[in-house]
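Below is the structure I would like to discuss, written out as structure tokens.
Order of writing sets the labels: A, B and C. Residues in every chain begin at 1.
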């Protein structure tokens, strides 16, 4: 090919080469997850947060058919404002690339591209997982499979309770993907700090997390490390509010006969409208918290690698 | 070992080395899928079709314990005529090889061997998938898992509706396996041109397909690309005929207590007898169509690689 | 890192380098599976059995945060006697290592570490698999996934019937993991010589097994070969005794509301107490038989490799 398959920006390439801290960010959060014009503001703010913490942000997406690690602010603005932009999971990348289209990259596609570019830490909102009813439909996110073979670290706030959280945690176990609570042994549920499920392990500092990540790498393991970073209890969606809206959202989806891939956007939209935008604010808070923690973990990891080489 | 684990014929090895178009063909279609003597005729005709289109056929099977890429016409004739020949999926290959037996290779085993030999395109009839009732039995074809780690291109006419097509499509998604319609956005159902399921992407020429495949390779992705090539509507098994015979076939299997691995051959045999051989003619038509398209895709891919290297 | 991620003892390293026969042994059998002080005696006896057969034992576990291939007798004694020691599956290894703890390694973690150290044969008691009710809970052992990517040979006595044996065998098939009976075509059920399920293939000598293993390696396949070695019929738990105790064990677990990860130890403990220790004796017999056969297979494999290089 006359051009390389993946474009890595100069800033990101330099940081990776010198071992400076870099944090990958996904693009579906601003191409598909948040309403305009909030989406662009949140995307740029996350980059600023990371820069302020001394790390290099690497927002990832497909621009004009080019999978790009380190989109410019202009490119982010264009993708934020493109109607009917493709949602590109890992298997869509070659298609979107061949067709020369724009695409927002999912957790799976972003993790893959970040890892190819040498970026070791990735901040996202929530992860994909096993969908409710998956024992019949077999609907399980490609995030699961991809993370089983992508040695990166992902800071998320757990999985949304529109998914089957118990089944998702079992899949993580079966796929050898470690899940570590940050400052907690309760698995967070994205909108809420505690999903009701327990974790085996927790860490209390970026340095502790960095040690586990280095150990994963030294052992030659290829699975992502998941760092579960709950939203602060004072800023969560009150659990009873969430339970209630979820119940009504599913009932309405049932009534309208909405299922399969259409269910997730329908449910999230219902929750957002029904909570008068409160769920949106939690979403933004969660994302900020993950970006900030990711910058610290990337910094600790960078320091740890320096020590190892000294 | 005194002899190499895989034998690649001179013709195939030369074509692979020079970047000439090659098309892999499986052997279970003539060792287990079609009745004698039609099986041999169909196997040799597929090779002829591919040669006539300017590509090199590489029929794959295990001959006398040797996994072979590029069986001779004589070897194909022997395998076609061997009673109780092993059906070799990927995990059976080392056993059949160690025991020095003949074996017809499934989609999984054929794809693996083709890829090891450097063959990039493979024409088959239908693919394996998730079996009906798999949420209880866990019966899922090894084709799924194997294709998730085998960067080849497979031209098929979808999966037979004796399987759970919806669940199979979900597994493809979870495993990051792209499924692209050829001239259609309806997923074909082997005997019928439209299984009732929609696809996200389609291409309209071998060149478009080749671009996606090259992009997959350039991105370092290891998943097979599935090109779904429907039988022509005028030559399909009429959908109402298929629905009716399937209903009766399952009822009869139930009545006779036939399940598990025995169900598939029973159902296919029932369908063939019940349709007075019409299903067999569709099967042969499907296979011809896939072989012909595969030769074109292999040719386009070969041209694309030449351009990249120029 | 100042120290290597995995410590391989001098004895084991030398044996691996010279191609002498080595047999890996897991540690959860003595850290979590058997009661004290029997656990230590059984662990050391297995090593003796292997030495007596002319092979080098490599007991594997995590000692003071160091994943170790070839624990000393003193280290085995310490791990056998540590309260609340971590049960380390593959995903736990980096955590247990980073925290500097002791850990008993499961089949998955042991197989991985053995393979990294170049050890080709591993004797265990029973394997993990698909749990009963997994179609709802998604509870499937990480052993399955790990063995699909770890080219080692495991000698076991099948899976315990507290699991869903049929579903486990289907997963082996889907994951391309060959299962070969030793002297039988009936899949053993750990406590009983015949689980009621049939196998496609069997071998009758260590040399036949070694041929299949070499063939797997020559073909570049990455799946473990499972050699299923039944307990002698005269020493099994009588099938009707097992059926009866299982039925009551499940009823009691139900009554006490015990499920999930807590179910397995509860059921095994119930079986042991209820059979007055008979199940424990079968467990020990099974383990002895597997260690002895593993030594023979490792020796045959070592001889086979010598021939190949000659």
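Brief remarks on what is shown
Assume contacts are C-beta pairs under 8 Å (C-beta built on N, C-alpha and C of every residue); 3 or more make two chains touch, one makes a residue touch a chain.
Computed from a predicted structure; not experimentally measured.
Counting every residue number used by either copy at the subunit A-subunit C contact, under half are found in both chains. Its C-alpha atoms superposed on subunit C, subunit B is turned by 120 degrees; the angle is given in steps of 5.
Taking each chain's centre as the mean of its C-alpha atoms, subunit A lies 36 Å from subunit C. Across the assembly, subunit A contributes 135 as residues in contact with two or more other chains. Residues of subunit B touching subunit C in their complex: 1-2, 4-6, 67, 89-95, 97-98, 108, 116, 135-142, 144-146. Those residues of subunit A lying in contact with subunit C across their complex are 130, 134-135, 148, 164, 166-167, 170-178, 180, 200-201, 208, 211-216, 218-221, 223, 225, 308.
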